[in-house]
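The chains carry the letters A, B, C and D, assigned in the order they are written, with residues numbered from 1 in each.
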Amino acid sequence: MNQYGVNFRLAIWGESHGAQVGISMDGVPAGLSLSEADFEVDLARRRSGARGTTPRRETDRPMIVSGLYNGHTTGAPLTVVFANENTRSGDYANLERHFRPSHADWVAFRKFGGYNDPRGGGHFSARLTVALVAAGVVAKKMLPEGVRFATRLTEIGGCDDPARFDELLREAAAERDSLGGVVECRVAGVPVGIGEPFFDSVESRVAHLLFSIPAVKGVEFGSGFAGSRLRGSQNNDPILDGEGHTATNHAGGINGGITNGNEVVVRAALKPTPSISRPQETYNLTTDRVEPLEIRGRHDVCVALRGAVVVEAAVAIALADLWRSR
Amino acid sequence: MNQYGVNFRLAIWGESHGAQVGISMDGVPAGLSLSEADFEVDLARRRSGARGTTPRRETDRPMIVSGLYNGHTTGAPLTVVFANENTRSGDYANLERHFRPSHADWVAFRKFGGYNDPRGGGHFSARLTVALVAAGVVAKKMLPEGVRFATRLTEIGGCDDPARFDELLREAAAERDSLGGVVECRVAGVPVGIGEPFFDSVESRVAHLLFSIPAVKGVEFGSGFAGSRLRGSQNNDPILDGEGHTATNHAGGINGGITNGNEVVVRAALKPTPSISRPQETYNLTTDRVEPLEIRGRHDVCVALRGAVVVEAAVAIALADLWRSR
Amino acid sequence: MNQYGVNFRLAIWGESHGAQVGISMDGVPAGLSLSEADFEVDLARRRSGARGTTPRRETDRPMIVSGLYNGHTTGAPLTVVFANENTRSGDYANLERHFRPSHADWVAFRKFGGYNDPRGGGHFSARLTVALVAAGVVAKKMLPEGVRFATRLTEIGGCDDPARFDELLREAAAERDSLGGVVECRVAGVPVGIGEPFFDSVESRVAHLLFSIPAVKGVEFGSGFAGSRLRGSQNNDPILDGEGHTATNHAGGINGGITNGNEVVVRAALKPTPSISRPQETYNLTTDRVEPLEIRGRHDVCVALRGAVVVEAAVAIALADLWRSR
Amino acid sequence: MNQYGVNFRLAIWGESHGAQVGISMDGVPAGLSLSEADFEVDLARRRSGARGTTPRRETDRPMIVSGLYNGHTTGAPLTVVFANENTRSGDYANLERHFRPSHADWVAFRKFGGYNDPRGGGHFSARLTVALVAAGVVAKKMLPEGVRFATRLTEIGGCDDPARFDELLREAAAERDSLGGVVECRVAGVPVGIGEPFFDSVESRVAHLLFSIPAVKGVEFGSGFAGSRLRGSQNNDPILDGEGHTATNHAGGINGGITNGNEVVVRAALKPTPSISRPQETYNLTTDRVEPLEIRGRHDVCVALRGAVVVEAAVAIALADLWRSR
């Protein structure tokens, strides 16, 4: 549900237009140096402002309301909340019963018997990922020294040439449309032996968290889908030495669900933002008819832009939990 | 670790060349009609024998050792075990310290300090998936009437024309090499509202289980990676009626992590079998050198062949657990 | 750790003198009518003010910061926070390294390497039980209609005559000492069949939560310890009819870990408040000597007074989780 | 349900008269020396034979079917099974619808819609505790060197003079009745700092497991119920030195849910065996009347006799899990 983890456990809450979004982290070791400023770099990576991102501005100021004392974590639950400020719920008045295509609106309405908070997608909003990013910052502090993340957007709208990304975003925006993308996260310096047999493979735990991110519809490790098109003789990674270094890294740093000391490589496919401003024909419960829907509100042309740091956070959280469980 | 689930929980155990492989299922409702014969159809789908599968023959006779009384489940843990019979551990004598590329041998050796059972991959062997298939059979009985699975191998070695599969397998075998593949599982009749917000999305729970399967390195739902290359106007699924039917199904039957009543569609990428009989250069701990390794033993040319039913089982297990948790 | 539950899950956080104490509840069904006023009756039962309770006054105003919309729960996490107001951390300045006997101060210092928040007991303070009471209110709303709780203090300082309680409290206060007590919770109207075999017996789940309450050192069901002194012919409860009514209720409404439809009866032993204002000889880390410690601050003469509603909350939470899991 | 634990996880299964009783343990570290003979001492303590125990004889030969290789644990699930041999199901033919008082028969019948296995109490039988004892043996090997258990029966039928136990048992047997008892488990050498704040206190986790044992109806730590009758000045344990030694041990070695380095002391109250051979008036579903029931079969006069080692196993399992989670 909204709580996850074994030895590093998260509880997340909040709605897009509610009072706040928050996360409580259990299992954070005592003695980590931490301040609210430590969150800023990653929050900035998620913050809107660049081309292709929503004009909704949130200050995203993290407030640490428990688990910190004299600038260090205490070993008790570390709780971070973000007040919601820049909400314009009026934008959503027409959507309560006229369901946006490919959003959670309709399933939420049905699953919760109409009691769900529909404003801005309510609990299903990508707004909650701000809390995941905060947890990612803490997770990275929990990992052993030398672990380094490198995360980038490798594709937008099927194009893998970053030089053209800006142009594609401009075009899509002009056409009141949206774009998807692929985020790749590479993690160097991961110790050998993280991950557990069978149900708690690194892949299982990382993918579990990645698929919690709204918009993620595909996840692959190492050579992934492309690797399934290779032969064994091509896809195998010969071991070079007693430290487990391999000549190639089609495995993405994971064998048998366990890290092998090489770079962990994971990619997530994010669908194009379903909220587009061009009219869409979709079912209206009030009239019981398919009718054109115009989505107001302020939306990202490409959620993958701000999603990169969220993907990184999910990977870091999964690794930190497994690291603590080793 | 080796136990997973919330309201339908599995505990799996065993080694490739140990006494048995087994699974204990908790949360199976009382009163399901069940006999050992009920497992046969799915076990046969996993059994070797066809071209491209290992010549190791296992009778795979399931023994139900708890939780069944007078032909019905009792509500107590349902435990199914499979004795290992056709083991040839001698084939593995040379592998204990000469690590097969892209296998779990080296990480297992390191993680467990050399105490792991290396015979046939030990606990990391795909042999354990026989237990997952058994759990899948029970999971399907737990799902509501009308849920129907259709699972097939859509690609082998990058080719999506089934007419050519046999030819490709023959070629790869002749060249002492192996092939990967892609398995697609479609589930019709899934009720609306299965899955939970945030961490227990259907995608998260299905992917968690799929990535437990040795060889799975990629998972996608609906349009998946291809969908990330579409525009929102192309990838969105307009809702047609009050039952949530959509004109297209790029979402793979899941919005906001919750089933929307349309067909659930998931694909898994399986890497080529890492055990190939052609010699491979890889690290030998005894000599502390890279040396040619020849893998004896009996192996599948393409694990995806027998993997289709395993993928289906994983999907069924995830859905059954979420269905019971609704 | 600080998160617990299967289908009704709690995450608790906060410190005695931190910014807030809070709880996030996952698995609350959508559509429960709820307002902040609904918490008042139980919060008042926990609030100080009566003889024997601390002079520290907290307004204990619950703020619902997520999971509520238009006066009903939404199915998303329901989060309730309580700001800390009336803190006097100065009272604790002398305690940071001069450890109070029978408090968590010393173990917290050791376990968390001195990084724990020591003010008012920090995360170990009974202050956190305000959040448990809030969850208990929600739990009671989740239980089926007809479930009724009756909870009372059956003993103070070993005396089971309520007429004398006030006198005992006055005496103990005058002697700068404290008293323990026994709380009994009786739950009528519990449906047959709640609880699960083996590890999730009603007793296991209720006791797990009860022993989370600071001060609880004993738990018994039905005839409990006294029953262990009876013979089978005396302690057995003959069944009277097809509804499972029994002539006696030594089992406390639970057989084989499962409710049998009779009244659930549980008792918790709460130790005397360890904070007493008379000087105590105990170890001082600064001087590395045993020295007299005088505890300032404001304390309950008998925590069992305010603990009754906390015990009731714990019982309700356990039953609500098991009820949702049935 | 039938699976429990965080980093040392158990899955238990089986029925009194089914094929086997078994347990799979996950999280056992690799490299523990183990053989089937290692279980014998504790199994012998649970075995019947002494006065007051059932004449049903089980050889209780443990079979390790996974997780062991060359005499050491491998880090993979360690699974131990016990075949059922000496079953006389005919003894139970009259009980299927004529429910024994204070047994799980009636609730099991109702909860599982009549599909439960009623032979010998089925899954609710104390037979399953043989598996718990096996897990206890492994748990003790997982604990750090120097941890020592001392467990004894402190009361039978309310009498705390061991010299009279034999006489009491003889009397009760002669009168076709049964006796309860109290088991005390003391654990020396437990390191400081085991246990987690709030929901995973040592008391919570130990009590959770203890209340899984059929017959346990009360649990207390340290001075427990008696402590609730003391004053703070009497019950407090002054700290004597920097290692946390205390002058008294009313806390039973646990403050704030965390071990303080003193002896852990826990007591469990076991009810008198509900199966007594003297006739009892109780409900018969077949006739829909209260009628005298005569219980045949072979039963313990006092389950607490064989229960001592089971209590010890539960304590060891809880400590081992928390130790691994620290």
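Definition applied: a contact is a pair of C-beta atoms (placed from the backbone, for glycine too) under 8 Å apart; a residue touches a chain by one contact, two chains touch by 3 or more.
Because the structure is predicted, anything quoted here is derived from the model rather than measured.
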Farthest CA centroid from chain D: chain A
Given over half shared residue numbers means same and under half means different, the chain A/chain C interface is same
In whole angstrom, the CA-centroid distance of chain A from chain D equals 45
The distance between the C-alpha centres of chain A and chain C, rounded to whole Å, is 37
Rounded to the nearest Å, the gap separating the Cα centres of chain A and chain B is 26
Residues of chain B that touch at least two other chains are 1-3, 12, 75-76, 111, 123, 197
Per the touch rule above, chain D residues touching chain A in the complex are 6-7, 75-76, 197, 325
Per the touch rule, the chain A residues reaching chain B in their complex are 1-4, 10, 12, 99, 101-104, 106-108, 110-111, 123-124, 128, 155, 157-158, 172, 177-182, 192-193, 196-201, 203-205, 207-212, 214, 216-225, 227-242, 244, 246, 250-252, 255-260, 269-276, 278, 280-283, 285, 288, 290, 304
Per the touch rule above, chain A residues touching chain C in the complex are 1-3, 9, 11-15, 18-22, 24, 26-27, 30-31, 63, 65-67, 69, 72-79, 81, 108, 111-113, 115-117, 122-123
